[in-house]
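Contents: one structure, followed by commentary.
Chains: A, B, C, D, E, F, G and H, in written order; residue numbering restarts at 1 for each.
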Amino acid sequence: MDFFSTVGLNHYLIISAILFGLGLFAVVTRKNAIVVLMGVELILNAANINFLAFSKYNGGMEGVMFSLFVIVLAAAEAAIALAIIINIYKTFNTVDVSSIDSMKE
Amino acid sequence: MQELGKAEHSSIRVTPQGENRVIVEKDLSSEEMILNMGPQHPSTHGVLRLECKTDGEVVIEAEPYLGYLHRCFEKHAEMVDYPGIVPFVDRMDYLASMNNDFAYCIAVEKLLDIEIPRRVEFMRVIVSEINRIASHLVAIGTYAIDLGAFTPFLFCFRDREHMLNLLEWTSGARMLYNYILIGGVAYDFPKDFAHRTLEFVKYFRPKALELQKLLTENEIFVKRTKGVGMMPADVAINYGWSGPMLRGSGVEWDLRRVDGYSVYPELDFKVCVPDGKFSDIGDSLSRHVVRALEIEESLNIIEQCLDKMPEEEGFDPRSAIPKRIRPKAGEVYGRAENPRGELGFYIISDGKSTKPLRCKARSSCFVNLSAMKELSLGQLIPDLVAIIGSIDIVLGEVDR
Amino acid sequence: MGESQESVSRSQEVEAALALWEIVHAAFPDAVSALDENPFMPFFEVLQTERWREIALFLRDDPKLRCNYMACLSGVDYPEEGKLGIVCNLESVGVHAHKIAVKVYCDREDGVIPSVARVWKTADWHEREAFDMYGMTFSGHPDLRRILCPEDWTGYPLRKDYVVQESYHGIKVPN
Amino acid sequence: MDQTLSDFGTVFVFLLLGIIFVVGGYLTARLLRPSRPNPEKLAIYECGEEAVGSAWVKFNIRFYVVALIFIIFDVEVVFLFPWATVFKQLGEFALIEALVFAGILVIGLVYAWVKGDLDWVRPTPNIPKMPVLEEDESQVVS
Amino acid sequence: MSTSLNVWSDALSEFSLFGLPVGLVIVAALPLVFIALYALTYGVYGERKISAFMQDRLGPMEVGKWGILQTLADILKLLQKEDIVNKSADKFLFVIGPGILFVGSFLAFAVLPFGPAFIGADLNVGLFYAIGIVALEVVGILAAGWGSNNKWALYGAIRSVAQIVSYEIPAAIAILCGVMMAGTLSMQQFTILQQGEYGFLHFFLFQNPIAWIPFLIYFIASLAETNRAPFDIPEAESELVAGYFTEYSGMKFAVIFLAEYASMFMVSAIISIVFLGGWNSPFPNIGPLLLNDWTTGPVWGAFWIIMKGFFFIFIQMWLRWTLPRLRVDQLMHVCWKVLTPFAFVAFVLTAIWEIYVK
Amino acid sequence: MSEYFRDIGNSVTSILTGMGITLRHFFNAVKRKGDAGIDEENYFNQVDGLVTLQYPREAIPTPEIGRYRLYNEIDDCIGCGQCVRACPIDCIMMETIKVTKDDLAVCGKTSGGQQKKFWVPVFDIDVAQCMTCGICSAVCPTECLYHTQVSDFSEFRRENMIYHFGNLTKLEAEAKRKKLEEEKKAAPAPKPKPAPKAAPAKNATT
Amino acid sequence: MTNTTYTVIFYLFAAVTVFSAAFVVFSRNIIYSAFSLLFTFFGVAALYVFLSADFIAVTQIMVYVGGILVLLLFGVMFTNKIMMTDLKTDVLNILPGIVLLLSITGGLIYTFVARAEWFTSTVQLQGSVVEKIGFETMSRYVLPFEMVSILLLLALIGAAFLARFDKPGKTNDK
Amino acid sequence: MGLLDAKISNHNVLVTSVDNVLNWARLSSLWPMGFGLACCAIEMMATNASNYDLERFGIFPRSSPRQSDLMIVAGTVTMKMAERVIRLYEQMPEPRYVLSMGSCSNCGGPYWKHGYHVLKGVDRIIPVDVYVPGCPPRPEALIGGLMKVQELIRMEQIGISRVEALKKLEEKNVDPGQLIEDARKGAMAS
């Protein structure tokens, strides 16, 4: 069982794929905007794992730099998204994405 | 209803019922939380309970609930004879028993129309001024705790201990003295008392200065209290505030000066009011400052009294105490300046019994505290604590 | 200093109260009684209870009276007359130097007195206390609840015929 | 295995040990302590009163603005740390770059400052007013 | 110079029994023991004694000679106390909250160099890690406060988080200034850079006049991060009863307690490593008096860093027993409008100093 | 702007002042306050430094007139009941039995030389209730009821706080009562005459 | 420590990551989701360590746990009635969701593992990346570096603008 | 079920020494709940303050009942307050102790007779371990009372109820008359 005993690129890719899928699942199914946001964060994390994994096994710095920028983006995104969510909440008194959809004039 | 109308404020809307309510960011639907502060809470000075409606840190409304220490003073006063009331009076404002007794005795003596020996008057003034300092020290110390400074509190209590010792030496008890009796005092001063008291005054002055440096002048303290809990003078009068609270709002009103009871007219003392430079007039800081200044004045009064007090060998302080206290029918309202304000006793005597028909205590804290509800609107919780502290309530007197 | 000066000031007090009373009497000739020139606490009575609030307002706002400070409001029980009453000690702080007491009565059962809580905010809690202890109602009071005793307390403790309840919430009350 | 990894291995051991410590502490305590629950005891403490409502309400938003501003600066600091380790080797260029970087963010700080986002909004407290009776408002003086 | 010692420590960390890294565990366990001991002795007992002396009283006296066993008794007692989890609390969060809190503050100790040879893990990102791991504490506090379902606890937790989070900015920028001076993030490197025969003159604080600004900023911010007075509003006794641990009793409370004292030591250690030379002896060699050499060594190293940490803790206590507490809005004012701008100024000045002056 | 810097400056200076004060106290801790009572000459000479009094080990003396636990010197009590009447809270319970003429000598005199006319079989003071107001001791004509300086006397049981000072046992009290009855029956004359010395009937409970 | 140990630890963290992520997604209680996110982030950080990106790992903790998670938690506390988590609304898309989850994950794994022939260099990333990042930001990535600052500035202004709740009529003290 | 809940019938040396250590820890770190009701509370504060300094015994007040071991009922308990006192008592974790300080909480004290709103003794609602008399008790008296509590704790054993411990203690104790004797002596001496 070589696959299990030595950790390689593929392991990371699998984890990242699972994380990505879970994140996507949250985005698609959950109605609570905040959970959706969590899903997005999971997706971004999955992407980061990929970046770093490739970077590691290629010996380059690109992936590392990219993941850094992704984190920045994630932070900015979280800030803005939550501000928007709060604003939506203020207006509609709900964070349910689908009902927000139906409530807009 | 022919009820009151308008008060404008940027964040305050007055509903037709005259209920002030702060509208804080009402478009932001954070929920109101009902928060019970007290009866067991470190900053409610005993068993006051404030039911606060809060929105985040902002107190939208705080409703004081009293009565957790309602000890039925007025009932006891109707059931116990005149001298027997004194211990109960002691227990009302337990931080300033001497002053309480003083007020009560003034009321009853008015009713009895008896003359008090001059030396007794001086003795009374001395002990009640000592007690006033002790009481103010507790006020200042607990205020410091409320604002998070623990050390000044202990310093206050340390110095208070000397006063308790002095008073215990004269009266036999540490806190609840039953010393000032109707028509006299219980014991003559012990030998050396004057001397020791002067020593105390000498000892205490630098300590008061140190306290001032440590607490009152501390920038954090100032920032925490300045402009917090503003009370304009006219409203303060309307609320019936008295004592340091009223003076903190800039009204020069001191019963020791206004009524001039006992030997106070002979003494030279200032009525302390804030000057508006260090604090905004009417805020918590000025109330604190007034207390601190009053400590100074009380020290002066003590010195003067000790100077002027007639010395008499073998003086019997109980000589003027009537054997049987049964006042003629009538009613009286007697009052004195307590550390917390005007303490008045409204006594009705039916002329027949040795017990009063009615003895109502007008307690200063009760009245001062009644402004709490209005003062608390739109404060942050820490400010609320600062305001309660600055009112300096003693629940025993509030609830009686 | 003792007697001499005190009696002087006392008589001054009464004189000031007399002057004060005259003004009130002129304004409300039927509603107020004569001044009781008692040297300890000069007072007059309000004969028409329902006008008490008006009188109170007059006392507070008339430029000659300006009794802006209510020192005390005490409820009293007069079992013989079958009445309850309140006694208000009024004073003018910082404007004039006079003080006076006013008495208002109501029936013992279901008595009503107009509330002056909107005239002097002091009266707010004092009236609540009087209600708590004696059971008279103050009409127009913003928030008339028991203040010292618990909400579900039975009886009005300071009435002369008060009997202590046996138990409160399962706790024995009398000794 | 490279050095970094083994160093982090130590951190992992710390993590385990910390967890063991806490869990061990809990367990020891469980071994010793009495447990006599009753409804009163399990009620929420609220200064001796019965708690009214849950604490889990929507909390006021003000704290949120703080976290929001924080996250931006947090990220900025993250960028500056690697820079700080090498800037002396790179010299002036790096200095200017970083100053520009920081400068732009300071603009943000200034913006937030000027706009009052950094103020902890304190509603103006109520200053008590004289009671006013409707029928004779005009009489109110002083 | 410390190579031989490194060998010693390497040997220790490499030591393993049946494939288990026993040596490492020992390395990791030592700080744990240290935290426990320090919290028991200096942290609590010392604080009580120091506060007592500042307040003209005696402090613990009766439990053991001069009350020395006081904190031991406290912990033993807390062990015996019933553990109440209130009915409406969120049991899970309530239980793990203190755990996260403690693990968070304990993890930071992994990178703390106690001596030239004794360090858990000399990470290349050590310093960054040490300030980043605080994030775990934040979550722990939130879990504890939220899980209690107690209003005071929630207030305390939210205040605490807002405060820690805000003060992380000035703190991080101040540390950044230190990093700029050293050019490394490894704590061990930091310390070695401040080594020298002139003792304290090699410390960054005395090498660079500008270092005083970030030094003070970090110290103030660290007070806030550990909820110490005058920034103790999250556990403000007179306002919030006991803050986020209002509902905790027994052992959980003890764990929170330990975590607090651990992070108190941690920030003090960080400040002494970044600005005051960590385990280096502050004594200079003066001519034949080789004070510096005499006071250098593995044991001395641990001694110095602990002493420096204790010194800062002493100042923390001193401040605590002197000052009143700030209000929330003032707290934010201090953070965003005083410390952060000054931190930026310090950042610019340090950069310029390092490039042009040095 | 200037206000901004002034605030910072003020804060720093006032904080430093405060710290100076606490530090001074810290170093002052090498000194300890002594345990002189307030009535001693050097009381205020010894107040620097730590003020803690380690109570069970050391104590400052309670002043002589200190009013703490009530004590009745029952031998001196004439059973006049003044204290009972004066006490505002009725925490003294007393029963008296009039002394029969022949017992007057047995009953004896107070230390002040006053003839006792009552047996006091029950003289209970509920010190758990007493508020140490001192009214009772002030009215006591023989000064046999007084407050001692003892203040530390806590108990595990509430009943132990009712102090019995009565000097007769139940049986004796019963006997005396009977004797009184008999005497009343024998001589219904209401005026008690000063009795001649009677035979010394022994009672040992004093 | 041996390689095996590391492998075990790797699997441990991988499991923590995946399970907590699943918990985030499937949990009905949003506050649990948020707290479980902590473990996900932590696990991911540990994986970063395995990928030799120590700096990124710590950044992950600092930004994700200390920042984003706190933001999320605050967001949850500010907007949700926790006691009234509505279960039904969630179920609406659950079938397509699960299908999507399985297909995408499966597809990805299939592509990653079976199909793609990833080129792996013999030189793997080793040691610490801090300084490398420092150099990279100052050389190849200067422009993105500066852009980041502008991005952050905009984010700050935007978020602050959006989150500015004080309406006219409210005054700040001072 | 923890050890402190266990019912152990025969005490061997080990149990006894464990007992002693645990009891020692408990009695050395009695944290009272900061809970003042009336005048007595001021004396309690004075006892906590510098001059008497309860911290010497490891006693320092906590404001939350969850972290306290001892409830000092200092002052008058009124009817309105009684339920709160019960609740606060209940919210303290076991093992917990109650010290009734002052006449009022002992039995209603001065308000015993006419106090319609005063609870006549806090032992009507919660079990009291030690009564401290006085109105207010001197700080010395409070310290004495606290030491009585410590004595009580010292007598406790695993599996032995507090009532039994109290009994044992009383067997050891001098009889109540002794105290009066002491008072007498004290009075004589002065």
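Here, contacts are C-beta pairs under 8 Å (C-beta built on N, C-alpha and C of every residue); 3 or more make two chains touch, one makes a residue touch a chain.
Owing to the predicted nature of the structure, the values given are computational and were not obtained by experimental measurement.
Q: What are the chains that chain B and chain C both touch?
A: Intersection of chain B and chain C contact lists gives D, H.
Q: From chain A, which chain is the farthest off, judged by mean CA positions?
A: F
Q: Would you mind telling me which chain pair, C-H or E-G, is linked by more contacting C-beta pairs?
A: E-G
Q: Based on CA centres, what chain would you say lies at the far end from chain G?
A: Max centre-to-centre separation from chain G belongs to F.
Q: Report, in whole Å, the distance between the mean C-alpha point of chain F and the mean C-alpha point of chain H.
A: One centre to the other, that is 23 Å.
Q: Counting in whole Å, what is the centre-to-centre distance of chain G and chain H, each centre being its mean C-alpha position?
A: 54
Q: Using CA atom averages as chain centres, what separation in Å is found between chain A and chain H?
A: Centres of chain A and chain H (C-alpha means) sit 58 Å apart.
Q: Just how far, in Å, is the C-alpha centre of chain F from the one of chain A?
A: Here chain A and chain F have centroids separated by 78 Å.
Q: Where in chain E do residues touch at least two different other chains?
A: In chain E, the residues touching two or more other chains are 21, 24, 54-58, 61, 79-84, 123-124, 128-129, 146, 151, 158, 161, 165, 168, 185, 237, 241, 246-247, 250, 321-323, 328-329, 337.
Q: What residues in chain H touch two or more of the other chains?
A: Each of 2, 4, 22, 49-51, 53, 56, 63-66, 80, 84, 88, 91, 93-95, 107-108, 110-113, 116-117, 135, 138 in chain H touches at least two other chains.
Q: Residues of chain C that contact two or more other chains, please.
A: 68, 118, 120-121, 148-150, 157
Q: Flag every residue of chain D that touches chain C in the complex, lowest number first.
A: By the definition above, chain D touches chain C via 131, 133, 136, 139-142.
Q: Which residues, counting only chain F, touch chain B once they are in their complex?
A: It is residues 7, 10-11, 14-15, 17-18, 21-22, 37-39, 43-44, 47, 51, 60, 62-63, 65-67, 86-88, 131-135, 138, 147 of chain F that touch chain B.
Q: Once bound in the complex, which stretches of chain E touch chain B?
A: Within the complex, chain E touches chain B at residues 51, 54-57, 151, 155, 229-230, 232-233, 236-241, 321-330.
Q: Enumerate the contact residues on chain C facing chain D in the complex.
A: 57, 61, 63, 68, 118-121
Q: How about chain E: which of its residues touch chain G in the complex?
A: For chain E paired with chain G, touching residues are 16, 19, 21, 24, 90, 92-93, 100, 123-125, 128-129, 131-136, 138-139, 142-143, 146, 158, 161, 165, 168, 185, 329.
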